[in-house]
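Okay, got some structures for you below.
Look for subunit A in each of the two complexes below; its partner is subunit B in the first and subunit C in the second.
Take a look at the complex of A and B:
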C-alpha cells in the first residue's frame, strides 16, 4: 500500500481520487438531504469510506484505516443503533424532517463556493500545494510517526480536545435529559429514555 | 509479468481457503453437534454425508427469491453482499505461510504484506455489523430490526475488547504486520516451550477468544439471531441465495477470526520442535507451513463448534454487562501491564 506510486499509474491514481472525491460529496449530500435518518447515516458511511480511499491514495494508510475503524466501525454503528432504536416505523424521522430553508442554503452555498474557489485558484494558478508534514515518509509504516506527533508534539492540544469532547457529551446528555423530564411531568412515567435519546440523537446528528 | 501472474494465482488460492472451508464447516457443525448429542447427523448424501452442503446449496439455489413488500430494496439487496465482502476481504492480510521462491521470484504467502495488516483487519471486519444493520432495517420487519439492534450493541461492546486484546499483542511484538507478529513468536519460552503469545499472554488470549466468539455471533453470544426468540434475527426475511450469503458470511467470519487468532497467538505457520516454517524459504517446508496453519485453524474451528453445542445462550443484559463491567476494564489493565512488562523486559 505504501508502494502505491510505483505500482499504479499516476493517471489511474488521479482518476480514483476524483471518483472517491465525488463519492464523498455525494454521500455528504445524502447526509444533509435524506428524509429518513437511516439513509443519512448510510450517506455518512459512503463519505467515510470515500475519504479513506483518498487517504490511501495520499499514501497515508494508517489514517485511512483508523478512519474506517473509528467512523465506519464505531460511530456509524452507534448512529444506526440509535436511529433504529428511536424510529422503529420510520414515521417520527419523516414527520420531523424538512427540506433546508433559505438561510441554510445561503450558509451552505457560501461555504461550498469558498471551498470550490480555493481549490480553483490553486488549480488555475498552479500554486504549490500546502506542505504536508512528512509523516508517511519518515518511517516505513507511519504508525510511529503519528504516535509521536499526537502524544509528544501535540500532547496538550490532543488531551484538551479529549476533555472538551467529554464535556460536550456530558452537556448533551444533560440538555437532552432535562428536556425529556420537562415534557413528561409524570414521575411514574415508565420510560423517559426514548425522549431523551431522541433529543440526544438530534444533537448528535447536527454535529457533523 | 510472471510475477503478476504468480501473485494473481496466489490471490485466487488464498480466496479459496474461506470459500472451501465454509461448506466443510457447515458439514462439520452438523456432524459434531450430532456426535455431542449422540445422534448420527447427516450421513446419507455422499460418504459420511460429506456432500450434504452441496445438496443444501442446490436446495437454496432453487428457492424462490423474495423481496418483502415493505423492504427498502437497495439496502435489502446490498446487505448480504456487504456482509460477505467484509469477512472475505480481511484474508488479504492474514499470512498463511512463509515466503517461497518460485521461478526466481520471491513470493510471500499472503495477498498483501502491508505494514498495518492488523489494523486493516480490525477496521474492515466490523463492516459486517453495518451489513447486519442494513439487513435489519432494510427488511422492514420487526424481528430483523430487533436482531440488528442486538447486533449493533453487541458489536460495539465486544469490538472494544477485541481491539484492546489485539493491541496488547501488537505492543509486545512491536509490529502491526501479521507476518511480523508471527516472526516475533519464533524461538523458545524457558528453553523448551514454543514462544507463542498464547503462552506468553494467556489472559490476552482468553479475552480475545471471548470477544472473537461474540464477534462471530456464535453461541453463547448469538443474540442477534437467537432462533427461539427472534425467528432468525436479521436474516428472517431473506430467502434463497441472499440467505445463503448471510449463512456463508457467518461461517466465513469464524474462519477469518480463527486465522487471526492463529496469527496472533499460535505462531501462524510455524510448528515448534521441527524445521517447518523455519528461516529457509525452501518450497516443501513453506507448503508444510501452510498445512500447519490450516491445521491450527481447523482445530480452532472445532473449538468454536464444541462451544456452541455445550454452552447455553446468555441473557442480553448479562452479555452487555460482561463486556462493559468486566472484560473492558480487565482488557485495559492487561494492556497497561503488557506495555509495562515489555518496557522492562
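Take a look at the complex of A and C:
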C-alpha cells in the first residue's frame, strides 16, 4: 500500500493537503449555494474526493478507499438517480417564501459555533503531545490492526450495523413504494411514473 | 493536525448552514452528508493524533451508517414528493394540527 513518508517530499504533501482542503471547502460551498440540486450533488462529489485525498495524506488509505467506494460510488450515484427520477431541478423546487429560520440568525449561530470550535482546537493544540503518535504497527497502513480491532473490540457495533443496514434497506423500499394508490384509483391501471404519481397523489388527496 | 481539525470544523459549519438555510429537501440531505464527512474526518484526525486505530474503525462504521441514512432519507424524499409534488421543506406540515 501507500507509504507517504520518505517517498514524497514533505513540502509537496503539505501543499497537496492545503489544496485538497480548499477543494473540500469549495465543494461544500457549492452544495450550500447551488441553485440546482444537480450542482449540489456535484459539489458533494468534489468534497468527497478531496476528503479522500486528505485521508491518504493522513496515512489512512483504507478509509480513503472506503470513502471513494461508498460515497462516490453509492451515495452520490443514489442522489443523482433521485435528482434525475424526480426532476427536482426547476423553479418550483424551492418556494420563494421565507423559511422558518431567518438567515441572519442562522449565519450568526453558525459563526458562533465556528468560533467556539476554533477555541477548542487552539486549546487542544496547547495540550502536551500524545504519547505514541506512530500509528503504523504491523503493516504500513495498519490494515491488519483495523481488521482485528473491528472484528474483536467493535464486534457488537459491526453486527449492529449489519442489522441496521438490512432494516434501512427494507424501510427504504417500504417508504418509497407507492402504497394503496392502485386500489383506490383503478386496479387495472399500471403503476404510473413518479411524475404522474405525484400529480395523481395530489389530485387523489383533494378529490374526496 | 490543527489544520485538519479546522477543515473538519469548517465543513461541519458549512453543512449546518446548508441544512438550516436551504429549503430543498434533497439539498438538505446533501448538507447532512457534508456534516457526516466532517465528523468522519475528525475521527480519522484524532486516530492519527493519538496513534490508535479505534478512530478509523469508528470511521468505517460511520460510513456504513451514513449509507443507510442516505437510503432511508432519499426514500422519504421520494414519498414526500409523491405526496406534495415538490421537495419543499416548508410544505412539511403533515403532523401539524
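Operating definition for what follows: the second predicted complex is superposed on the first by the 108 of 208 C-alpha atoms of A that agree within 3 Å, B and C clash if a C-alpha of one lies under 4 Å from a C-alpha of the other, contacts with A are read in each partner's own complex, and residues count from 1 in each chain.
Criterion: a contact is a pair of C-beta atoms (placed from the backbone, for glycine too) under 8 Å apart; a residue touches a chain by one contact, two chains touch by 3 or more.
Because the structure is predicted, anything quoted here is derived from the model rather than measured.
Once the two complexes are overlaid on the shared chain, A:45 sits against subunit B while remaining clear of subunit C.
With both structures placed on the common chain, the touch criterion links A:84 to subunit B but leaves subunit C unconnected. If you count the residues of subunit A touched by subunit B and by subunit C, you find the higher number for C. By the touch criterion defined above, A:74 lies against subunit B and subunit C together after alignment on the C-alpha atoms of chain A.
When the shared chain is aligned, subunit B and subunit C each come close enough to touch A:66. Within subunit A, the residues touched by subunit B in the first complex and by subunit C in the second are 62, 66, 74, 78, 85, 88, 142. Of all the residues in subunit C, the ones that touch subunit A in their complex are 1-7, 9-18, 20-24, 26-27, 29-31, 33-34, 37, 40-41, 44-45, 47-54, 56-61, 63-72, 74-79, 81-91. On the side of subunit A, the complex with subunit C involves touching residues 17-18, 21, 24-25, 28-29, 31-32, 34, 37, 40-41, 43-44, 47-48, 51, 54-55, 58-60, 62-63, 66-67, 70-71, 74-75, 78-79, 82-83, 85-86, 88, 92-95, 97, 99-101, 103, 106-107, 109-111, 113-114, 117-118, 121-122, 124-125, 130-135, 142, 145-146, 149-150, 153-154, 157-158, 161, 164-165, 167-169, 171-176, 178, 194, 197-199, 201-202, 205.
Per the touch definition, subunit B reaches subunit A in the complex via residues 72, 75, 112, 114-116, 119-120, 122-124, 126-127, 129-130, 133-134, 136-137, 145, 148-149, 152-153, 155-156, 159, 163, 176-177. Those residues of subunit A lying in contact with subunit B across their complex are 1-2, 38, 42, 45, 61-62, 65-66, 68-69, 72-74, 76-78, 80-81, 84-85, 88, 140-143.
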